[in-house]
Structures are given as structure tokens and as C-alpha cells.
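As C-alpha cells, here come the structures.
Look at the two complexes coming up: chain A is in both, with chain B in one and chain C in the other.
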Partner chain A sequence: MGIMQQVADGISVAGILVIIALGLGITFGVMKIINMAHGELIMIGAYVTYLVCTEGKMPFVLGMIVSFLVTALVGLLLERFVLRRLYGRPLETLLATFGISLFLQQLIRMLFGPDGKSVVSPFQGVLMIGEVAAPYFRLFIVAIAIVMVLTTAYVMHKTKFGIQLRSVSQNRDMCECLGINTSKVDAYTFGFGAGLAGLAGSILAPIKSVSPTMGLDYLIDSFMVVVLGGVGSLMGTLFGSAAMGESNQLLTTFMGETGAKIVVFLLIILVIRFKPEGLFRMERR
Partner chain B sequence: MLKKSILSIAALVMIVSLLAGCGGGKDSTAGGSAGDIKVGVLFSLSGSLAVTEKGMANAALLAIEEINAAGGINGRSISAVQEDYASEPSGAATKAKKLLQQDKVAAIVGGYTSASRQAMLPIVEQANGVLVYPTFYEGQEYSKNIIYTGATPNQQLQEFVPWLMDNVGKKVYFIGSDYVYPVETNKQVKELLKLNGGEVVGEEYVPLGQSEFASVINKIKEAAPDVIFSDLVGDSVAAFYKQYKSYGLDPAVMPIASPVTAESEVVSMGADVAAGHISSSAYFQTVDTPENAKFVEAYRAKYGENEPITQVIEATYFSTLLLAEALKKAEDVTDAEAVIGAFAGLEMKAPQGTVKIDPENNHAWLNSRIGKVGADGQFEIVQSTSEPIYPEPWAKILYPEHEKPWKK
Partner chain C sequence: MLLKRLGINETFAALALVFLAVFPMFASEFRVELMGKFIVFILFAFSLNLIWGYTGLLSLGHAVFFGLGGYVLALSYSLQDGVPSFMARFNIEEIPLLMRPLLSTPLALLLGLLIPALLAGLIGYFVFKSRVSGVYFSIITLALAKLFEMLIVNMQAYTGGFNGLMGLPRFPVGGEPMDLVPYYYLVLAVTAAAFLFTRWLTHSHFGKVIKSIREDESRIRFLSYNPANYKIFVFAVSGLLAGLAGMLYVPMNGFISPQDSGIAMSTSLVIWLAIGGRGTLMGPIVGVLIVNWLSNLLSEQYPTLWQLILGGVMVLIVLYLPGGIYGAVESWWKDRGLRKKYAAKEDQEGEAVLYKESEVL
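Our next item is the complex of A and B:
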């Protein structure tokens, strides 16, 4: 029985979840912005990769870098012109970002047409470990997920920007008193989170669909990961992804895809019922 | 404070007027004179279904242009009244009502999903209008006010499944999106498997929009079928084919066979991923008929070189031409019964070959083709029927006893 194969694929699914949820972990987790346009930021990343790699015939790595930069720029603009005016008003933020998500979907549809686009996978082939098949591209995704988490952890904990970011999220007034330019920190944080979303879109483009409607699926998954793992905690995002990826993958062995999804949803509801702060709670004073 | 509330009221007024503008402003009636015959063109130009329906609307407009250039309907030209139902079935009902009651169109060409057709059905029956529905669908419907020009499952499957058994293999694994069309289609495929000595080795339905297939692919590998029968739709299609390839599976050994995957899906996954897989359809862009050469050229000249042309686009095109023939034949174009009556037995050379409207059940006799994707991303036709196939809204092999509603 391919239980080992399912576990291995669970790791790769978890990797995909880490990649898509990391950006949201920052914008929602740290900044408390309910960003309904997260999926569309992922979509923008995927389309930029399509432009760079399929249309421009450039290497995939370049597509990843450009996707990060372009989406970060989009994030900065969104923060500057929309979200900045709505801090502390979650309901309005939700509506505004939902509107933005529809706007971006339609914009992409007008620019690129409604049909899906293809991005060729940079890695072909499969690595066989005993009975377990691991496509090179899935290994690459897991590696990238690890690199992204480590880089984000480094940025958040070791750089001046990261320390400012965390202190602003904990006590904005005190930071302002101490002379930190909080609006600048907000802008860069959102830009960084958006950039990570774009990078996610870029990495997933070769194995998922690239179309104007692709964002919705990712939005739901990434919110669940962040809420399950614990809002505001990087480790939470990591473990939330692992828990969701593995449980989903293992459950599909016994029930169909639809059944597995229902059970995972139920488990998440149970977790939130008994641990409302998620699996990993960030200690706060 | 006062200033703020004035501002917000002003903003509200603006939003409302904008919305109102969107609602009514889509008419592209080309200043129709009193003598023109109005035809409604009702497809989604926005929302998630615009992917496919934009091309269908284009095809209808192209056909109307050609009809008018060739002299119109007994000297009167057709003016198209285009509406956008924005991928919402309820919108399809509202817009159909508007077209029938306000614009008083002779007929509507429109609808893509079954949900949109089912939303329009009571409206069209109530207003006693004519709807030409050009999409392949799961069957099990008949309305005296609807002409169905898309394929019913039997037309797509009765040649396809035996061909797969003979040329690919007898062990079949089903993968589909979890809704009515795949489930109904697979029921029929299973009956055909029984008749042809085939065997079901697995069956899996995934939620609409699912894009993660690692687990499904593992199960498929374990079941080791000869052929994977996919009725996935939407974004799932490209994701499944891409992940199939990334797991190193080989279409020469275990191809994916599908009645859904067509030219536009191939573009969205890339020719390298699609090559070697098999689809069944009434029409492929590569069909070799003079009518098709002319159609592809005209469509491309009008809408762009790289536009994929799929079976629903072709069906919309020939349906609109057929509608023109029916309008010519009908004594009174405002009388729905006369128009529907004129459709009965109507035959023409469509891009896909000869098609005709069945005199009894309002469905079209269509061709059936099997195509294999080549390295260039186009379908290479490996089998083609010589005669159009009879449409069975209620498939004989599944419902031999079903009473025929058109006989009432």
C-alpha cells in the first residue's frame, strides 16, 4: 500500500501550503489585515511568471524574482492608497480588499483574456526512493518552502526592519513615541507579505492552472492554515501547513477527495473551538 | 460631520448610478430599423464563465454578420441584441426576460452551463419564446421552446468508449469534478464499458476548482488502468494534466481520455503537457471540410490569430446560421411555434460536417470525432463518423423505458 507515498506527497502539499500562506501569515497574522485579495496577489505572481518565462523565454529563477518585485510593488500601492486609510477597521478592510480582488481579476481578464496560460516546468522527471516517487519539481517546492520560512524568520527576528515590524504590531503607540516611522513600517510589511504571495504564484504556475479565477482556492487554504496554526506566529504557519497537508493527504487514502476535505474542515473547526488562538499561540503581555 | 455625510451620500449616488449604468448599458443594437428581425445573443462576457462564453458570443455575432452580408432573412436583416449575464444563472433568467418582453426578439442564442439553461427554461416557456442552446450537456431535458444544438452524452460517448476499448485498453479509471455532468456522463460510460467488455478500476470525484492531485495520481498509479477517463472541468483540468506529467506518467502507456478537454484547455496547460492525450468532440479546429476552413479563417480575421476555436464556438456559429434558415422558412417570425416548427428536420453543412435538427426531440444530429493532441497542441483526428449521430436526451442504454416527452 502506498502509505509512504501519501506521506511523501503530504510533505509536498504542506510545502505548497507554506508557500501560499506565508504572505498571508504576515499581512493577516502580523498586521491584522483581512486581505481578501491575497489569492489575486498570488495570481499576479503567476501571470508575471507567464510573461517572463513563457512570453519572454527567460529562466524560471528570473520569473520568481520579477514576480516577487512586481507583486510587492502592487502591495505597496494598495497599502499606500487604500489600506492605510482603513487600519483598525477590519470590516471596511474586508470589503475594500474583496473589491480589490474582483478588480484585479477583471483587470487580468481584460489584459490577458479569459483563457488559462501555461508555464513550462523547469524540472522534469521523478526521483525514485524505493517505491516512493518524488517529482523533482515537488522536491524543489519543499526546498523553496524551507528557504522561504528561514528567510522570513531571519528578516523578522534578526533585521532592524523585522524588529520594528514586530514591535509596531505589538504596541503601535509606544513605537511612535520612540520615534519609529510606523506608517513606513506598515507599508514595507504589507509590501513584503504581498511579494511573498507573488512568489507563491510564480512557483506554483508550472503545476497548477494560471487563470483569472485561480486565486479563490488559494485564499481559502491560506486563511485556514494561518488560523489553524495561530495568528501571528511563523511557526504556526509552518505547523498549520504540515497538519493540513498531511491530514488531507492521508485521509484521501480512506475516503475520496471531497470526504477528506470535509473531515479536514471539521477538524479545523474543532481546533478553533477548543484552541481559539490556533495551535501555536504567540505569548503577549 | 455634516460635510462627511454629504460626501458619503454623493458617493452612494454615484455608485448607484454606475451600477444602473452597468445594468442597462450593454445593448449593442446597431440602430435597428423597424424592418429588422431582432435576435438576442446572451452569453457571459464577465465573471468566471467569460473564459468560454466570450468566444461563443463572438461566433454568434460573426454568423449574424455573414447572414446579413448574404441578404438577411427574406430581405430583412438581423439585428443582434447582446446581453451579458455575468456568469450568474439568475442573471441569465433576468436578461432572457428582458430580451423576450422588452426587446421582443424572435429568438435567443445563448447559455452555456446547465444552470444557466435551467434558469432560462421557465422564462422562455412562459413568454413562449425560442431559445437556441449550443452547449454539450448531460441530457435528460426537453422543452418545446428550446432547440438543443450541443451534443448529448450518447453522441460523445457511443463511438468514443468502444474506440478506447479497442485501441487503448479495457481498464478504466474515472476522475471527475463533483457535479451533475460528470456523474451523469460516467453512468453512461459505465454502461458502455459493460457492453464492450471494459472494467472500472477506480472512480474519484474532486470538488470544483480543486487543483491538488498528488493523492489522486497515487491512487491511479496503484490501480494501474489502461486509460484515465477525465470529466474534470475548469481550472482543475490544466492542474491535473500538469501534475500527471510531473509524476512522470506517460500518455503512450496510460493516456487521459476526456469528452471535455478541448483546444482552450490545451492552451492553458501547454502543448508539451497535453501531447498524446485523447479527447472526443463533435468538432475539432483541425476538421478538414471547406466550411471549416472558411469558418476558421473568418473567425481569426475578426477576433485574432491565436484564438482557440472549440466545439462550443463552432456549435454557436452553425446554430445561429440554422436559426436564420428557420426564420426564413417560418411564416411568422414572431410566432415561436412557427419558428420551432421550421427547425424540424432542418439540415445544413456546418464546419463539423452535416448536422440536422431532429424533427421530434428538438436536439441536433451531430458528428463524433476522436482526436489525439499532437506536439503542436492541435488535435490530430484519429476517428470520425461518416454520418451524424442521433441525439438521445435520455440515453437508450440507461433509460430504455423512458417515455418521450416530445410525444405527448
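Our next item is the complex of A and C:
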């Protein structure tokens, strides 16, 4: 395989990383909530898509929408009954969401069994650009990633909700004085982040096996992306995904999957040591 | 009476020790082996308690150090009779150079302690020196656990791969492997020593510093301590203890597999300690014994339900019982002492109060 093919594959891996890390970029990056159940929210999204598209034989787009709504609802419930009591206590939040992730994993295993499920890809066929093969579904993923980033950027910067969300994350007390219902903003923000995770699961369902334990890898990867790119910046998440996707893909050709993962891990430890604010952190103010 | 003179931790520790010491006299061999494993887990929980309970840094990949210790010893056993079969299958004709030191058992025992400690120290150096929050540490250790498991499965020629290493004997003393019951007492003695070590360390000046790091790191920095160095040291000691637990586990269990050194084991450990009570001396003992006993009782009949309950209990513990079971008992006991003191003050005047007070304290 040519190097161009690897680069192209790397772009689609980066697209996947953007999609899975975007929700975490909001809950962890902006709200500073450590959500260990992020991977399980992705998994729930994938299962919902399985139910809608494979069992219910509905179109894929419907699966995406329903996944977003269902996981957003799960997120709202989590925020309301668990996370809200733990704001400002990161270690407790981490532990509680860890428990939630175990709970959700087991719940899904009880409901659907331990075996992997499959969802049929809505796009078949491959586009050839010169020597480089680009399956339509991979192109779709990259396109979706771009759309998701743009939409999130629009929501965060142009809507009233986004402006409130960013101001609450900067100065909660002042926002309360100005009459913003901060707990409502918290709830909706977490719901939005959770919904994005569900959407990610929905998009990944056709290319990955849908199983109860699928969440863990996504959790680790998305945290890595957010750390690499810089906590709290959307562009950071984008660049972090690109850097991680490409390096993972290119290194895999030379040293196998495990080798590549180890090198990327070491790289991230180095980043934490020498550039803890992330590689692509934009200067604020 | 005993409770007052010894203090609550010491009383419970003594009771637990007596219980564990007489256990082999009444139980079947199967039960003794099981309880022996639990004692190893208690030692393992002590190691996490140092870094999580006392220093406030949750390691989600502690089984890596456990597994490193275990694999060092297991490899050392396997290499004793020349090239083991799992290596021969990959056409490795002589023992790899890097594994030569493991041929000597004392050296292997030493390496089983040093390698985990060194790895922990290195990771600690990179993560703690740059003052990032504890969350980074948790994620990095989680990724480490995932990676280590993958690595062991992948390097099948050197580690036995997915199936792990099997048929491992107990510590050979004078050529013969130890019997179960003497080995059980050896494990118990080491764990008791680790308990005393934890008690000594956390009551010392050093222990006060790490506890203050947990409570408020910037304040301790103002007092001209360097929290990073303390954290690195505690994590290295914690890694060493975990390696020790791994080495004791291998002969008791008879085999070691990648599952023992990856995510699953790390997760179980966190659950034991969270339920038992992190940051308390007896928490690891209470947590390991209760959760494992219940797990043995329930997981055969209701394996899936059990996992569901564990996850739910974790959430409830965090919300309503942050100190775990033993933390609740301990704080009840302390409050009780105080309540008595104030009650006495209201009841009587003069010397009687002083007398009562000195008795309570």
C-alpha cells in the first residue's frame, strides 16, 4: 500500500476521533466534568442505531437522530440524579461515572447479550482518486465530522445557549447574579455532550462491532485527543484528532497496531510533561 | 474495653488477623486457597490505598504493576527447566538475553519488586512534575492498563499470550514446592507486615504531608513542600507493593493471565477499595473480604446481576457513603467518643470531667 493511501486512511481515522471526542470536549473541556461513562454513551448510541436500523429496518438517518435524542436523555438523567450532586469534586465524579459505566455495560449485556451486533452501512462502494481508495462511508464520516464541528462551533458561539454555556464555565457566580439559570445550563450542556456521544456511536455502528465493551477504547482515545489538543478548545480537539489519527495510522504500517499505540501513548505522556496545556491550545484573551 | 485501649483500627486489625490465622484449621483446602487469594488482594488493595486513599490520586491501572510482579516470577519459574514450551513453539531455541537474569530466583524476586516500582516512578515523574490535575493521572493509568494487556497478548512468544502462564508451583524451599498451609501463613505474614508499614507511614510526618496533598495541594506548596516529589515517591512505593502482591498471587493461583494485569483486575481493585473505605487502614481488608465473599456467593447463581449491583453500589457509595463501609464505622466511632465527652461535661462539674475526658481520649 502506498503512503498516500495511509494518509487518506489516517484522515478517516481522524474523522472518527473527532466524532467521538467532540462530546467529551464539551463535557470535560468546557464543563470540567470527568465522564468515565462517555464510552458507554457512545455504546448506547450504537445500540439504538442497531435497534432502529437493523431490527426496525428504518433509514440510517433516523437512527442517527434517535440515537442523539436517546443518549441526550440519558445524559440529562445522569446529570440530574448523579453528577449535579458532585460538582466541584472531580475525583468523586470520576468514581461515580466509573460506576455508571460498569452499570450501563452490564445492563446492555443483560438486554442484548454479550455478542457483537452489526448495522448495515448505508453507503456501499469505493471512490477511486488516482491510486487512493476511499470507501463512500469513510468519506461520509469525514463529512459528518466536519459538519458536527461546524454545528458545535455555531451552537457554542452564535446561539444564546452557547454564549450562556461559555459564560457559566468562565464565571458561574456572575452568571447567577445576571439571572442565568446555571443549573439549567449545566443540564442542557451535559445533555448536548451526551447526545454528541450517542451520535458518534450511531455513525460508528456500521464500521465497528456493536458490543457491550466497545466503549472503553473510545473513552481512552477521546480523552487522549482532548489532552493532546488542549482542554477546552474546539480547534484543539480537531487538531488533536488529526495528529493522533495520522500518527496512529502511519505508525501502524511500520510497527503494527500495538507498537503504534505504545508510541502514541509515550508521545502523549511527553506532551503532558512538557506541554500540559496541549499541543494546539489557542491563546485565550 | 479492648476497643478503647487499643483504638478502633487496632482492634479490628487484631480480630481480622486472628480470624485469618485460625481459618486454615477449620476450612477445606479449596477454601484455604480461596482465602489465600483474598489475602493477596488485601495486600494489593493496601498498595492502591497508599496512592488513592491517602494521596488522593486514583490509579485506574494498578493491575499493571501487579501483573508485572506476577509475570516476572511466573517467567522465572517457567525458565527453570530450559526453554519453556510456549517459547519453543515460536522456534526460540535459547532463553532470550533479557530474560537471563530471571534464571536466578533471588534476582527474580528483587526484579519483581523493582520493575513495577521503577515504571510507577517513571510515569509519576512525567505526570506529576507538570502539575496537571489528578484526572490526567487516572486516564494515563487507564490507558496504560489497556496497553499492557494488549502487549502481553501480542508478545505471545515471550509471555504465553492470551492464555497466560500455567502450571506454576508454590515457592520452592529446598527443592520442594511449599505446601498450601505454610504458604498461606507466609502470605498472611507479609500482608500483616504491609499493614504495619501502611500504619507507620501514614502516622509519620511523611504521612501527614501526603494527606495534606490530598486535601489542598497549593497550600502545602506554600509551606515549601514539593508535592510532585512526594507523589512520585508514594506512587513508586505503591507500585512496589502491587508488584509484591502480584508475586505472592502467582504461586497461590497457579497461573497468571493478561486479564490479571489489565483493566478487569484494576477495576475490581478500585471497587473493593471504594466499598471498603479508601484512606482508612482497615478499608482494604473490609472491602476485599466483603465484596469477594459476596461475589463468590452470588456470582455463580446471578453472574450478570452481580456486576450490575456492583456498578450501582459504586454510585451509591460515592453519593451517600464517600468513606466506604469502614470509613462510616470509623467516623461513627470517633463521633461517639466526642458525644460522650460533651455529655460528660454537661452532666458533671470539676474533676470528674477531666477524669472522663482522659479516659475517652
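In this section, the second predicted complex is superposed on the first by the 280 of 285 C-alpha atoms of A that agree within 3 Å, B and C clash if a C-alpha of one lies under 4 Å from a C-alpha of the other, contacts with A are read in each partner's own complex, and residues count from 1 in each chain.
The rule is short, and it goes like this: a contact is a pair of C-beta atoms (placed from the backbone, for glycine too) under 8 Å apart; a residue touches a chain by one contact, two chains touch by 3 or more.
None of the values given here were measured: they were computed from a predicted structure.
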Which of chain B and chain C A:T252 touches, first, second, both or neither: first
Partner chain in contact with A:H38 - chain B first, chain C second, else both or neither: neither
First, second, both or neither for A:L216, with chain B first and chain C second: both
Chain B versus chain C as contact partner of A:K261, first or second or both or neither: both
Partner chain in contact with A:L86 - chain B first, chain C second, else both or neither: second
Partner chain in contact with A:R109 - chain B first, chain C second, else both or neither: both
Contact residues of chain A, present in both the chain B and the chain C interface: 106, 109, 216-217, 256, 258, 261
Contact set on chain A toward chain C in their complex: 34, 82, 85-86, 90-92, 94-96, 98-107, 109-110, 216-217, 219-220, 223-224, 227, 256, 258, 261-262, 265, 268-270, 272-274, 276
Chain A residues within the chain B interface of the complex: 1-2, 5-6, 9, 12-13, 16, 106, 109, 114-121, 124-126, 133, 135, 137-138, 206-214, 216-217, 248-249, 252-253, 256-258, 260-261
In the complex with chain A, residue positions of chain C that touch it: 56, 58, 60, 123, 125-127, 129-136, 138-140, 142-144, 146-147, 150-151, 154, 263, 267, 270, 274, 304-305, 307-308, 310-315, 317-319, 322
Touch list for chain B against partner chain A, complex: 46, 48, 50-52, 54, 178, 204-207, 209-212, 214-216, 218-219, 221-222, 234-239, 242-243, 245-248, 264-265, 267-270, 272-273, 308
